Structure formats: structure tokens, C-alpha cells
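Structure first, commentary second.
Chain nomenclature is as follows: A, B and C, assigned in order of appearance, with residue numbering initiated at 1 for each chain independently.
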Amino acid sequence: MAREEIGKSEAAPASSLETGYERLGFWARIADNDVTYSFLRSPLVMAAAGITVTFILAAVFAPLVAPFDPFDPTQISLWDGKLPPAWVQGSNPAYFLGTDDQGRDLFSTILYGGRISLLVGFAAVFLSMALGIGLGVAAGYLGGWFDAFVMRLADVQLTIPGILTAILINGIARSVLPIELRDELAIYVVILAIGFSDWPQFARVTRAAALVEAEKEYIQAARVIGLRPFIIIVRHILPNVLRPALVLATIGLALAIIAEATLSFLGQGVPPTTPSLGTLIRIGNDYLFSGLWWITLFPALALVTLVLAVNLLGDWLRDALNPKLR
Amino acid sequence: MSLLDIKNLQVDFPTRRGVFTAVREVTLSVEPGEILGCVGESGAGKSTIGNAVIGLLEPPGRMAEGEIDLRGERIDNLPYEAVRRIRGRKIGMIFQDPLTSLNPLQTIERQLVETITTHLPMSEAEARQKSIDLLDRVGIPDPEIRIQQYPHQFSGGMRQRVVIALALCADPEVIIADEPTTALDVSIQAQILDLVRELCRERQVGMIIITHDMGVIADITDRVAVMYRGKVVETGPTAKILGDPDHPYTKSLISAVPRPDVRLKRFPLVEYIESAGDARKALDISTHWLGQARDFSKMDGPLIRLKDLNMRFVTKNAILPKNRVYLDAVKDVSFDIEQGEVFGLVGESGSGKSTVARMIAGLYKPTGGAIHFAGGELTAIASEREKDIYRRQMQMIFQDPYSSLNPRMRVLDIVAEPIRFHGLAEDKAHTEEIVLDLLEHVGLGAAAAIKYPHEFSGGQRQRISIARALATRPRFLICDEPTSALDVSIQAQILNLLKDLQEELGLTMLFISHDLPVIRQMCDRVGVMRNGMLCEIAETEDLFENPQHPYSQHLLELMPRLEVLSQEGLEVEADHPTGAA
Amino acid sequence: MLSFIARRVLQAFVVMAVVSLVSFSLFNFVGDPVNNMVGQEASREDRLQIREELGLNDPIVIQFARFLGNAVQGEFGLSYRIRRPVSELIAERIPATLELVFVSALVALGLGIPFGVYTGIKRGTFASSTVLTVSLVGVSLPTFIIGIGLIYLFAVYLGWLPSSGRRGVEEIGWWRTSFLSIDGWRSIILPALTLSLFQVTMILRLVRAEMLEVMRTDYIKFARARGLSEQKINYGVALRNTLVPVITIVGLNVGGLIAFSVITETVFQWPGTGLMFIQAVDFVDIPIMAAYLCFVALIFVLINLVVDILYFVIDPRLRLSGGR
């Protein structure tokens, strides 16, 4: 009944939503954004974004792009092992970047290896982000014993540097698994190990941000309305603490890729049958003194380029999202 | 030739969307021993002038036009080293916030001596003696002892005295004070202003005071320059500008200043300033949604009754209870608020007035005492569901319009959230209808609904906050310093809006402010708080005309009288006699 | 002040207790300790007897208490693989790791802090943006790749320095040092450089960020407005205020050196605790893993204590209020 009366006194309020306000389209808004502006102004950052996207595409479409399948034993022959890159004497032009000790085409193996590096990187960061943000936001808003518990846990874990934790978790998990499953599950173990080793960073950052937000008056307004803590956390606090977490996630991706490579290099990561970039470098390192420099150099270059590009993006994102620096 | 001449100053800030001119065609001058006030609202460019004079424009800002002369010699085009030698030596500067202006890791002594020896040919010992004398002069007791202390060992007011001593220590000829008392409480503000005036006369220093506060201007300046959108619209002797302004902007600005001496019906409509958006639509409670289904139980007696309310915070935790340090933010506070009444709480920072509001709103749980509201005892209810019934009848408006709205939500969702939560609308379309209607009633227009908070100014955001508070159909509204973050002209608009809504909806209100003139304009009865305790409760007019408690008398004495202000176009509340004017 | 430090020491103990609990659970939940000790061919009776001797039949709380008691004395039992007391093995290898970390820390701080301050003050100049870009490359280089690169360049290609191992070791009591001979220095240069490079760039970037933060504060603006010289503002006011957060960073990073020494020691076959740890992980040599975990945690906790005490020296707000 109240509704009808309002309907009469209002000049069709619903229509004013569409007509009353001249509004930029979605894409125009993006284009007008300060972050977009600083992106378009920096060629280095654009190049980094290009490289990262190229790596991701190459990883996703590796089976289509790669000339050989390094996991298919029928395509590998030891006779073709240790061939140098195409521009060096004694090479086979079919293998552009040469072959490794097993006779796998290095270029194809790098493509497939990058696939593993990125998969582990993204999955591990996602894991630690979900864990860290969830615990951090809840700790920051709820406070009390929950906050104390989560943060002390984070403190203790930070006492042991991330890479050590990863080695430890990884090592233990492998020893617990039955031997026949070890190689099969290795990649998941690595993801878990790296993901669990990095959550305290996310928890700390989001907790700090959540503490700042929780003090703000819009949270108090939500409490005065009567909203329950869970809704306040999800609807009000979470969207406002994602920015710092996003910056951290970019840097975290670079660190996770390095961590995976390091584990594999130490022989603790994925098995040599499905080599990641770190595994290739490890193999190459054994032949470095005998002059087979390419087995190390090319995977290393690929790894460093990828990590550098991601780091450049993270660095730029941190500055671009920080209003104080503008 | 004056002591300091600013001629035709223009300051540009190049941005990617073109050049923003913060200040243009500004011509000002200061004589020795004179205090020039520079008044204007935020964004008027008043601080930019001070920074330009001392050569500390924030990059990428730059002087595009004009010149600055000190005793006839041009100083704005000097090389960096020469400018540096002028800073502190010839021109001193005082900033707003004394808590952040001092280096926390050095003693006061080091900071003073370092500044003096940088500019004057003195030995460390001589500089130290001079520093002690100066601290004594700015009113710091036991200067020999206190000079060895660190900034954090001084209170806010004392720190501002130290800042003044630092600005004066190399005997400058000009002082620029940028909002020097804004961060301080009224009683300390009065002392600091007195000190500044004395020092200025005694040392024949020329001073520019940059402020938004008409009280400060009326209190100590000799001449005033009124700024609006980067330009000086009017300059002249203080009495002339405040009492008989020529420019329409000055007129409307002065008419928006809350009067300490009379109670107005409402503020005269302020033209010339940021438009309030669409004119707001008056509403009729008997037919409007806000009046429908008001399932409030009819009741007699006061709507709210506080009984011996206490709030004690732990400021330093310890395992043993005897080692804990407590702060009694609120001590044994009791008062009633009648239905339909506007009750004011006034006091300085730390007096506990906001804590009382937060306890009533349920943000803090009192450590003692009882809150009765609309027939229920809030402090005795444990179930969230049951609390919701009362929450719906009670809403709150906050101080800071920049943090009281979730930046990631559209205005539509912000205002609709309480409606959805309490299930006050039939469906989605109905909710939307109510929100759009509410936005029109707070003077924003329905188009605001699909924008985000950052697209609005402070005053407009405060209107959104009000719309959100109204969306639960409340009968009781808590306003915690709702206008203290706003410019005077915007404050006048918001206060008018609150007055209108209170009348139309028959709302009961708790109005909290540190600003006595605002309290006089808004409230029927007032409680004066100090250190967590209630000193006095009185009818507003009685309090202002005849305060009983010594602390109330003290506060009223410190209040700037503003008798010189022009009374043009004011409607004085009929049933009260005009005050001193 | 005393109560503040006492509280920190207490916290340190709690952290150590939790880490010990983790090490203890390693023993109990990863594999069968008896199996690890006697091998497959031992008889059932033998096993039961060993179980009894080792106290594995006691309640778990008592076992943990015994573990703690032993751990405090540095006693972690026998290595499963090498069959020697873990305490002995670690004591043998600690000097190598600590000397490596020490040299790396000097390099990291000596380069990282000055460059960080420089890029923080000279914002936007060509030199500082070059340093920053180079440092970003530094952050992106995994430690093992730096190591391989340095070995290839200085040991294989130029042949100036040894490619691996720790040579020229002299003994002072039980401490075996490589600081007393030219050979020793020659063999520590490459690993130390490898270990420090990542930290140099990390410290540099963090110091710069802190410096920029301080440069934005009101007291810097007020110091400018008083006409203090740039020299005094940069080094007297800004740098000192940067120190408090920087010390935390440095503390954490020195701890980080220990962690990354695992990788460096593997690349250079440097006979330190890190190399021992990696080999232990390969063979699931639990006593060594547990002991190493406690060792690393202990070093971290000690560094954090030192950092807390340094705060007092620098920040009068803490010193005078007796701590938060």
C-alpha cells in the first residue's frame, strides 16, 4: 500500500536510473583509469606484460607450439643426445636450441618445463593467498584469541624461512608417500609445500589492512545496521583489502616460480621424466664443465626472463596502486 | 614597500588532464607586527600561498606568474641555497599538526640548537641558552629540564609551543602559520592564539595566518584576505570584512557561520557555494514510506534512559590484574532523552562524548550501568535477533564522510543494505524505489544511486550517510560530530537538512559536537562532558545565557564571540531574545 | 626496559618450544624410528627391546619432555645414515656455514644500505633508476643460477678462483676457519657473493622504500621550512628515522641468508650445515633434519632479540616509556 503511494508521487523513479546519468561505458572507464594510464606510459612494463602473456600462452598451448613431445619416448633417441644449438658446428637443424643428455629437444622441453613452472607458481600462490587472506582478514576483524593464535602461528612459521619450510614439507611428504606414487604426485606435493610456506606473508598484510579498515566508520555503520561479522568480513572488509594482497600475489608468483625451480634444482621437486626448468638446469649443471653450456643456459634464460617480467609487473603494480606515490 | 609583498601570484599544478591552477592573481602584503588572515574553504588555495612564499610547493607545483618580495628584494627566483638560508632565518613556518611536525628521535634541544646554529653565528652554548629563554617565553615550564626531552614527552598544546619556538628561534621577520590551532582543543587553541599575537607584536614580526576558522580570524587578525577558488575576492581590515562584507561570496560565507550568540531558525540559503544538487523534496510523514508500518510501541516517558553508564578501557595490558592500567572513558553518566527532543553532548576531545554514543549504538559494550531504549533494556539483551528490533529503530551518522561509506559499493547498495537486512521492502524493485526516493529527500537526486562514493564531495557523502541512516525508518538518530569534517557552508546545508528531517519525521536525536555554536543551533537540551563525567545538563538557551558549572563557564568564555559578524539576512528563532548583539 | 626484554625472551622460548614440537613430531610420525635404526633384518625381539630402550613405549608427553631436555643440551641422537651423534656432525659443520653467512651479511649490508639510501634520496635521477632496474634483475635471479653463472665465469672460463669446496682451512681449537689463509679467502669469495647478491637487492629496495616513506612525513617538511641543510635533513633526520624499520628488515634478511645457504652450499659443495641438511632430506635422516630445524629457529630467535634491543638504543619513545 505504501508502495502505490510512492509510485504516484514519483515520476517513474526506475527510469531515472538509465536516463538520468550520463555515464562512461565500461571500457571507456578502464581506458580513463590512472592505473591504465601509468601502464600505457611505461614501455618497460608493457614489454613485461607482453612477455608474461607470451609465456602463459606458450605454456597453455605447448603441445601445439612445440616441435617435439619430450614426454613421448618414441620421439626421443639417445643418438640425438647432447647436440648443440643450430648455429654451432655439429648440430642438427631440427633441434634449434640443441638437445639435452637424453636427446630431448631443448626448445620443446623448455616449453613444457615452463608449463610446469607456471602451473606450480599459480597454484601455489593461489593456495597461499586463499589461506593467508582468509586467516588474515578474520584475524584482523575478529581480534582476540583467534587473532593471537593465527599471528603467533605465522610468527613461528616465519622463523623458518619459506624455502626451508618448502624443502621440509616436500621432503617429508615424499617420504610418507608410497614409492610408486611419488613421481606421479610430485607436482602436487611441490604445490602444497610452496603454498603452505608462503601464507604468513599474505596473512600479515591482509590482517594489517583489515585492522585499518575495521577502524573505519563504514564498518561501524554496518554494525549499527546489525550486520553479522561474517557478512561484514565478506562484503565490506574483503573487497577493501584485496589491493595489497594482489600486489603481494604478483611478487609471490615470481617467488613461487623461483621456489619451484630451486626445489627441482636441489633434486627435491618434479622428477627428471617430466622436467621443469629447474630440473633442466640441474641436468645441465652436471655437463657444464664438459662444455655443454646450452643445456643450462637456455632454461636459465627462460626462467630469469619469466621471473623478471613478473617482478616488473609486480613492482609497477605496487607503485600504481599506491595513491601516495602519485 | 611592505615587509612581504606577494604580487600577482599564480601557481600551477600540471596533471595529465591538463594544468590545474591552484592560485591565480593573488596580491597580498604584510607589514611588521601585523597579522594578516587568509581565510577560505578547502580547495580555495590558501595553503598553496604559504608554501609558495617559503619555496616548498609540493611537486609538480610551480610558480607560473608573479613575484614575492621580502623587504623589496625578490626572493622567488633565487637559487636553492639562497632560498634555504631565508627559510627559518627570514621566514618561519608553523604547520597544523604538532604531533607530526617534530622529529621523534631527537631531543627538543638538538632540534632548536641545530636550527639556530644553521642560521646565526652562535656557539652551541649560546644557542642552547637562547633556546631555553625561548622555551620559557613560549610558556613551557622548567625549560632547562624539558629541553632535554623528546617530542613524545610533550602534550599536543605543549608541542605546538615547541613548534612555535622552532619557527621563531632564528629571529625571522615573517611567520606563516598554516592552520596552527586546528588540531588543538578549544581551551588550548585560545592560549596558543594569545601567545602568537603577543609574540608577533613584541618582536614586530609580520604574520600570515591561514585558516578556515572565522573564530580565529575574528580573534587575532588585523586584516583579512578572503579566498575563493584560488582567487582573493576581498581584502580589508578584519572588522570591515566580517561586519560589512562587499563580495557576495564573503556574505554567504559569513551567513553560514554558526552563531554563538543567537539561535537561528535555520541557516539562510547559501548561494555562491557548491550547489547542493537538486533541491530536496520535503516529505509528509503521514503518507510517506518512512512513516508507514512504524511498528514502534506507543510509550510514555523518555525514549532513552541512561543509568550510571560506565566504560573502562584497558590501556596497558598485563597478566596480573593489579599491573593493568585502565582508562575510565565514561564514568557514571545518567541522562534521559525525551521523545522528539534533540539532546546535545558537548565537550573537548577525550571527554567521552563519542564513547557514550557508541555504547548506545551498541558498538561498545558498557562495563557498567544500563541503557533503556523504547521500553527495552538494551544492556540486558543477549540475542542478536532481539537486538535487531531495537537496532532498526536507532541509526547513527558519523563524523568522517570519507571513511563512513564503503568505497567499493554503489550508493544504491549502500543505502539499500539496511532495507535488505531488516527486510523492510517487498522485493528488489521496491527496495530500489525506496532508495531513489530517499536520495531525493536528502537533496541528492535519484541519479546518485549508480555512482560510487568517490564521485561525491564531502557534503554529498554526508547526505548519503543520512539517507542510509533513514533507510531503517528509525525513530532515534545519533549524530556524532556530523559536520566537523566539513567546510562552514556545507556544514550549514547539512545542519539545515538535519533540522528539516527532524521536524518532518519527528525524530529524536542525540547530537554530539565539540563546537558550542553548532550545539546552540541544533539542540533543545545539552549535557556538558569532561573527563568522562557529565558536569551539567541544561536547556540549551539557559546554558548559553547562564551556565552553572565552572567548566561550562570556562568553555563558554573560550568560545569566540564573533560579535563583529554581519547579521545580514538572518532569521532569529522567535521565542528567544537575541543575545549580545 | 627489563620487562620488555623479559617479555621478548619469553616469546622466544614459546617459539622455540613450538619448533621443538614440530621436530619432535618428525621423529614420531615420519617413518618408524626403530626401522630407521636397525634395518630390515633385525628380529622382532630386538625391535621390541630397542623400542623399550629408546623409551618409545612411554606416554607421548614424557617422550616430548625427554626430547626437550636432550635438545636443550644439543642432543638429537644418532644420524640414521652416518651413525654418528648429530651434535658432533653439526658442531663440525657450523663454522663453515657461519663464516659464509658472516661474509655474505657484510657484503649485503655494505652494498644494500648505501645504495638504498642513495636511491631514496636521489629520487628519479638516471643513476638511481639504473640501480633500481639492475636490482630488479637481482631479485629475479634465483640463487642457484647466480652460483652457476659465477662458477662458469670465474672458475671455468677465467680460472681465477676455485669452483667448489672449502680449502685452506686452519684450526683454532675446534673451530675450523677459512679466514686465516689466502686459499681460504679465495674459496669463500664465490659462495659468499652468490649468497649475498639476492639479499643486496632485497635490502636495497626495502631501505629505499622506507626512505621514501620518511621523506613524506611532516617533520621532514618542517625541517626544510626551518632551512636546515639537505645534508642534515637526509642523514641527520631521515636516515635515523629510517633505521628502526631497516633494522627489522636486516634482521630478517640475515636470517634469510641461513636459509639460502642451503642452496649455495649445494651449488658450491660447501661443507656446511645446509649441505648436510639437503643430504639428510634426501635420505630422510630425521635426527639431522630435526636438529637443523631447531638450529635455524634458534639463530632467528637470537637475531630477533638483538633487533629488539637495538630498537631501544635508537628510539627514545621505547626507551623512555619502558616498552609497549
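Methods note: contacts are C-beta pairs under 8 Å (C-beta built on N, C-alpha and C of every residue); 3 or more make two chains touch, one makes a residue touch a chain.
Note that the structure is a prediction, hence the values are computed from the model and not measured.
**Q** So how do the chains connect up here, line, ring, star, complete, or something else (other)?
**A** Graph shape here is complete: every pair of chains touches.
**Q** State the pair with the higher C-beta contact count; candidates are B-C and A-C.
**A** By number of C-beta pairs in contact, A-C is the larger.
**Q** Average the CA atoms of each chain to get its centre, and name the chain whose centre is farthest from that of chain B.
**A** Max centre-to-centre separation from chain B belongs to C.
**Q** Distance between chain A and chain B based on Cα centroids, please, to the nearest Å.
**A** Roughly 46 Å, centre to centre.
**Q** How many angstrom between the C-alpha centroids of chain C and chain B?
**A** Computed value for the inter-centroid distance: 51 Å.
**Q** Let me have the rounded angstrom distance from the C-alpha centre of chain A over to the C-alpha centre of chain C, please.
**A** Whole-Å distance between the two chain centres: 26.
**Q** Send over the residues of chain A in touch with two or more other chains.
**A** In chain A, nothing touches at least two other chains.
**Q** If you look at chain B, which of its residues touch at least two other chains?
**A** Chain B, residues with two or more chain partners: not present.
**Q** Considering the complex alone, what residue numbers of chain A touch chain C?
**A** Its residues touching chain C are 44, 152, 155-156, 158-164, 167-168, 171-172, 175-176, 254, 258, 261-262, 265-268, 281, 285, 288-289, 293, 296, 300, 303-304, 307-308, 311-312, 315, 324-325.
**Q** For the complex, give me every residue of chain C touching chain A.
**A** 14-15, 18-19, 26, 30-31, 133, 136-137, 139-145, 148-149, 151-152, 156, 212, 216, 252, 255-256, 258-260, 262-263, 266, 277-278, 281-282, 284, 289, 293, 296-297, 300-301
**Q** List the residues on chain B that touch chain A in their complex, please.
**A** Interface residues on chain B, with respect to chain A: 16, 287-289, 292-293, 358, 361-363, 384, 387-388, 391-392, 394-396, 398-400, 403-408, 417-418, 421-422, 426, 429-430, 432-434, 436-437, 445-447, 449-451, 465, 468, 472.
**Q** If you look only at chain B, which of its residues touch chain C in the complex?
**A** 54, 56, 84-89, 92-93, 95, 97, 100-107, 114-115, 118-119, 150, 152-153, 163, 166-167, 170
**Q** For the complex, which residues does chain A have touching chain B?
**A** Listed in rising order, the residues of chain A that touch chain B are 1-3, 5-7, 10, 13-14, 16-17, 20-21, 23, 37, 216-218, 220-228, 236, 239-240.
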